[in-house]
Amino acid sequence: MYPVIVILWSVAALFCTAVLAVGIARRPTASTIVYGTSLVAASIALAAAFAHFGDASPASLALPLGLPWLGAHFRLDALSALFLAVVNLGGAGASLYALGYGAHEPLPGRVLPFFPAFLGGMNLVVLADDAFTFLLCWEFMSLTSWALVMAHHRIAQNRQAGYVYLVMAGFGTLALLLAFGMLAGNDGAYGFAAMRQSVHTPLVNTLVLALVLIGVGSKAGIVPLHAWLPLAHPAAPSHVSALMSGVMTKVAVYAFIRFAFDLLGGSDWWQSMTVLVFGGATAVLGVLYALMQHDLKRLLAYHTVENIGIIYIGLGLALAFQANGMNAAAALALTAALFHVINHSLFKSLLFFGAGAVLTSTGERDMERLGGLIRRMPYTSFAFLVGCVAISALPPLNGFASEWLTFQAILQSPELPQWGLKLIVPAVGGVLALSAALAAACFVKAFGITFLGRPRSPAAEEACDVDRFSLTAMFGLAGLCLLAGILPGVVIDALAPATLSMVGERMPEQIGVAWLSIVPVAESRSSYNGLLVFLFVAFSASLAVFVIHRFASRELRRAPAWDCGFPEPSTRTQYTAGGFAQPIRRVFGTLVFQSSERIEMPPPGDLRPARLQVQLRDLIWDVLYMPLAGFVNAAASWLDRFQFLTIRRYLGLVFLTLVSLLMMLAVWL
Amino acid sequence: MDRFVLDVAHLLAASLVLISFVQLYQRRLYALLNTFALHAFVLACSVAWQAFLQEAPHLYITAGIALVFKAVVIPVALHRIIQQLGIHREIETVGGVGLTMLAGIALVALSVVLMLQVTTEADRLAREDLAFALAVILLGLLLMVSRRNAVSQVVGFMSLENGLVLAATGAKGMPLVVEFSVAFSILIAFVVIGIFLFRIRERFDSVDVLVVDRHRGERL
Amino acid sequence: MALIAGLLAQGLQMALVLLLAPLLTGFVRKIRARLQRRLGPPVLQPYRDLYRLLRKEAVLAENASWLFRVTPYLVFAVTWVAASLVPTFASGLIFSWTADLIAIIALLGSARFFLALAGLDIGTSFGGIGSSREVMIASVAEPAMLLIVFSLALVAGSTQLSNVAEFMASPEVGLRVSLGLALIALIMVGIAENGRIPIDNPATHLELTMVHEAMVLEYSGRHLAMIELAASMKLLLYLSLLACLFVPWGLATEGASISAYAVGLSSYIGKLAGGGVLLAIFELAVAKMRVFRVPEFLGAALMLGLLGTLLLFLSRGL
Amino acid sequence: MISMPNPLALILLIPISAAALLAVLPGYRATSRLSILASLLTLVAALSLLVVDRDSPGSYLLVDDFNIVFVVLNTFVGFTTSVFSASYIGHELATGKLTPLYLRFYHAMYQLLIFAMNLALMANNIGLMWVAIELATLTTVLMVGMYRTHQALEAAWKYFILGSVGIALALFGTILVYLAAQPVVGEGLNAMTWTILIDRVAEFDPALLNVAFVFLLLGYGTKVGLAPLHAWLPDAHAEGPTPISAVLSGLLLNVALYAVLRFKMLMAGNAGAIAAGPLLVTMGLTSLIFAAFMLYRRRDVKRLFAYSSIEHMGIIAFAFGMGGPLANFAGLLHMVMHSLTKSAIFFAVGHVAQVKGSQKISEIGGLTVTHPWLGWGLVLGVVAIVGLPPLGIFMTEFLIVSSTFARSPWLAIPLVLGLIVALGALMLRLNSLAFGEPRGSIAPAEASYVPMFAHLALVLVAGVYLPVPLVDWFQHVARLLG
């Protein structure tokens, strides 16, 4: 009871801040005030969420708002507490970062009011306990984030992004609305409690799950509904991008879990199979698209798509196990998914903060015009590097821990009775491994091209490190990434109540295990100890350093790069982002992007430079969205003639309607 | 007595429908106007007859309005307009006249079928009157839709309205009938004045929609 | 007491992999040379090289960043840890459960990650070539490896190397098609990962054909030494992986007697020697392939892994 | 109670007398002030309805749960619009688009219109209701044609002709209802008094009722602007003075729909009569989808929102067609929300058009930069009209869609598609209207923002909280609507 009230109050505080911000937006101190308050509010809510972690008993509360005969219901159970923690952690981080970053905002009036509102909206979605409140907050969240995407509205690209975003969001909301309609039934029982009680026919179950997959997927960025995401997330100011990518997509995941596990209470095995397939496709396509980007923020946005895919693989596994009554395995898979949710919210926010720092200090998002920043912005680059290692699922950081758990869940698949699942799960595992490897490749590129090498533009040469607040935020998140990586057991135990409430089972207690290692099923099957790995690596590295510097040489000479004896002063000879990705594009590109290369080689003696042109096509756009737009266009132009009829023709329409109705009467009665 | 009374009422109503057909048949404006005058005159008779057998004196007013206003004033006014605006005397029909007649017959059939479904407790006279009135209304609409010429469309509208009055008077003890007929007369006056004011020669849409829409920027 | 013994055994293994690695490299080189009718460098040459490199001053490009200097030690440390987590002469060592096979692969992955970054750090074209090709190869090799792990884990019911090894040693394994496929796939992946012919030529001097060597082109002195050592440890790691998975005989079990350890040690060295000879022969038998053939090569490995997994279901009728 | 005059009488008397007075009064300031004052008094009188206990319905006028809300809404929007008109018409006068004579005419007509609509809402006699609605139509026809431009006249003429046919059909329907009632309740006024009809309707002849309803649906439906009877609506909105567009969309459409609903209640009361639902659903869906697609090709901002009105009338008709407590409640609420929102939008658009000197979308842009108040007001209005939270229309669409899908999924799919298509169109236009590089004049607007934001505030509040009595009334009416 108590934490709910605290959180609702902090949300109210956020909304008040939003209203206040409209008034004071022009003041120079505005951004400090707004982000300061959001930081405080988010931290309080975070504390409240943590406070509720302990007790499994859900606390609920009803306000006389929303649907008059129903009221607005809020409920804080283990799951929502977990996601509240994610939301507010991200929110606090973003606010802290924005305390410094927000000062560079050219149009504060278009950001300040919406940021707290957005944050509050996300909190409410996670708390909502009836269909109306849920959708209200859900769509409100989309609306405010749309406003933030439109903040820099003079750039046509952003306007288009905002447009696509809002339409997709509306589409998703309508899908969810239909799902709720199905669940609520004829007499409109919109309360979640009622929906939990009611039993659904398989048809309803399937229909709802499909609609939810569409509605939630359009927000989370499931392929093929991801189209808006790489447009909209980069368009917003970086701290908002961090919120959208790191947190809002997680709210979507929350919605899916709430529907699939809580309201529907499980599903058939073949349904879980579709979830698995979509998750796998999303993961691998997302990372492949990311590899082809050279806009830093867009690359990160595409990686969000990939990670959502990984999360959905976990969820699909959990559904599959649950459908076969293997609740322990389901708990393992669900834990993996939730763990990845936390991790992704951490390192994706961190990475977007880094991208924002680069943006502020160089004014560039295009990696082809960056480079060598590691010398100009050491701190930022270090934090960013940590994020890169984490998202590439490399030990001993947190990204690996969650993916390792997912693999462990996949290894449970032989016990599944259905052949379809038996065969598809290992394939999905392969896909997961593929996307992990590609992610590593992609972040070698992202970090290497952006921060390493030599500056590719004067802007990159003059870059300098960013303000304290931003750095604090980044390093805080980096530290959390490391902690979650070397102490995964703690996180897993924290997730236990949520899994318990969703699949009625939990992973074995991890705190007790010797040396703080994690044992998902049994010692004999598999175990991993991030702490020891970290310590060993640190120990042996420092040992090597010590020994060598002590007994062998320690002197160092700086000299021009050797480069096989032909050092080329021009920075143009470095590898570019496009060049770096070329081998992978050769391998996968022809299949996925229909990529085509055209080489213009001028004849000898001609002084024109040779050109290599690469064309990448986004199949999803070509196959799905363009035809749709074309259809709407055609229908609109065809119907448009009805604007230009003569009065007699309009009368004719009336006459025909009348006669046909009368005929109907005459015939039917 | 009532047998005869009913037959007369019946006869008048039926002849209204007949005249509507004649209107559909007309090819020349003046002839059309004359038939309309006849239409209005027959309506006046029928209303008067109703007034007589319903002992409803106020209906005589309606009859009077019909007689004076519709049978005389309006046709004359339209004659004037035709002369002044020099409107073609020929009427261009949309489908051929034959087609229109066929459609008209179908409409009459439709209205009769509809009204026969009415259970008999509503008295017989009202029922038949109603069938005829519905037919007249539909025929009037048909006239409006099937003629490209403004004046004939006005005529169509007026015969439609005659059908209304027929129905209204056929309904026993219906209040406000007079008011309705007055209101409609005003309406019609508006229409006629409108035609005169806007100098609508050939058709309603001679206020050339194309030009207007370009001007509105709705059409490129 | 037992704890101390365990720690000793673990320490012995760490020292062993560290010391044996250069020897293995030298041995393979020697065998290759002999098979080519060359005299070849002495077997201990790698130790001498390392020694010399360590004594030399390190020459660093002007614009090299801290990352460039940290990487060698990091790579070395990570590889060392990974290598010493693979059972060599004994299974079930005290820290063997620190990381299972998946984690070990991932550890090698992080080593590669930093090496690739180092390749980009100076901003030379060759470093770029090296890194981009390396990550391309890895992006296919890792999934293949994972699938191999799957089929092994499905057989042994564990990803814990010691347990897998013990299971493999036990009679109930029997002869399985999928294990054969896994073996072949693992060999292919190992070759790719260690940059041996036909994927890459560790001894090449044609920069354009290099992958691994191109990445580390700018390294010198002690840094280079670290990387060389790490490379040879990686080779050792893969050989001992093959050994403990597919020829686990003679492997001393947990808390065995000293003699058992001795047996395990000698048999381990024997396996390494055998593996080295086979590797040398194989390398002589094939020619290096174009870079863009590599994905097909590894794709084959991937398919084999997947096939192995699926066949497993059929054979076991799970 | 005795001492205070009957509010019903006041609601009718104040506007009509004001109209008479304004018709003769010269001077711009005085007339507009008087008009505002009259509207305010009417509003007060209407509000008093909420507090005084209702006396039993007379044979001509009545107040019940159904019309009380709409009377209040009517007078409220009438008041805000008169405030808006003051500044708007003042500007027209300044720019010489209107002469003082027309101004006088305008205010008189405006009050007459308010009178007519109030009468139509409170009429207990179906004949009287008919007369009132026709009066309202004719006044609006005259006002649409007020600018005397070629387009304005054409629009007015189109409106007039289609309207008159509608009038005729509606009258015939009324007569038929009388004929159906006459054998049961006897001749004379009683057979036209709604309260009596609704009591005895069960005994009426169903066949007559059916035919009657078809005519009434088409006759009043023409006023509602349901496709394919909508033709007059877009041009009338686009060419008339903006306050009239606001009143047309906000009030007149509602009044016509109100009439249709009254008769739907009759149909629901008679077992033998056809179910009016399917007819409404069909016309509603047609209008919704038709209008949604038409939105894409619009180049005139007022015509754009006129089509959006058609779309929303379609949604409402659909809701009532579906029937059931939820859908009917949603429909009623939607009528209120739409009239508030749409008139607010027209307030904004009117000022914008005056500032930019054009209604062409291509000549308006970047409003949030040049005119923040107007721009953000427009954004808020459009966001509300496309059904995004936390504004009121979201709640109604939530109820309509979800309740429909539970009962007949195959109707919900086109509904949802229509909604999303319309959202796409309006947001596309909003993108270029409110955002991006400013286009057109950036002169400051002398505008009255109060009406617009008052409406939007109400819509916002209604989106999250509804007063209890309103809910009770609507739920009662929803039950009557069946």
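The chains carry the letters A, B, C and D, assigned in the order they are written, with residues numbered from 1 in each.
The definition used in the following text is that a contact is a pair of C-beta atoms (placed from the backbone, for glycine too) under 8 Å apart; a residue touches a chain by one contact, two chains touch by 3 or more.
Owing to the predicted nature of the structure, the values given are computational and were not obtained by experimental measurement.
The chains that touch both chain A and chain D are B. Graph distance from chain B to chain C, where chains that touch are one step apart, equals 2.
Of all chain pairs, the one linked by the most C-beta contacts is A-C.
Per-chain CA centroids place chain B at a distance of 31 Å from chain D. Computed centre separation for the pair chain A/chain C is 35 angstrom, with centres defined by C-alpha atoms. Chain A and chain B have centres, each the mean of its CA atoms, that are 69 Å apart.
With centres set at the average Cα position, the gap from chain C to chain D is 78 Å. The set of chain A residues that touch two or more partner chains comprises 643, 645, 647, 651, 654, 658, 662, 665, 669. Taken residue by residue, chain C touches two or more other chains at no position, since every residue touches fewer. Counting partners per residue, chain B has 114, 117, 141, 144, 204, 209, 218 as the residues that reach two or more other chains.
In summary, the structure contains touching chain pairs A-B, A-C, A-D, B-D. Within the complex formed with chain C, the chain A residues making contact are 371-372, 374-375, 378, 385, 389, 392-395, 400, 404, 407-408, 410-411, 414-415, 419, 422-423, 426-427, 429-434, 436-438, 440-441, 443-445, 447-449, 452-454, 515, 517, 523-529, 532-533, 536-541, 544-545, 548, 552-553, 555-564, 567-568, 571, 573-575, 579-584, 586-587. Listed in rising order, the residues of chain D touching chain B in the complex are 127-128, 131, 134, 138, 150-151, 153-154, 157-158, 160-161, 164-165, 167-168, 171-172, 175-176, 178-180, 182-183, 187-189, 191-192, 205, 207-208, 211, 238-239, 298-300, 303, 360, 362. Contact residues on chain B toward chain A in their complex (touch as defined above): 94, 107, 110-111, 113-114, 117, 138, 141-142, 144-145, 148, 153, 203-205, 209-210, 213, 218-219.
In the complex of the two chains, the chain A residues touching chain D come out as 64-69, 72, 131-132, 135-137, 139-140, 142-143, 150, 153-154, 156, 159, 162-163, 166-167, 170-171, 174, 177-178, 180-182, 184-186, 188, 190, 207, 632-633, 635-637, 639-640, 642-643, 645, 647, 650-651, 653-654, 657-658, 661-662, 665, 668-669. Contact residues of chain A toward chain B in the complex are 643-648, 651-652, 654-655, 658-659, 662-663, 665-666, 669.
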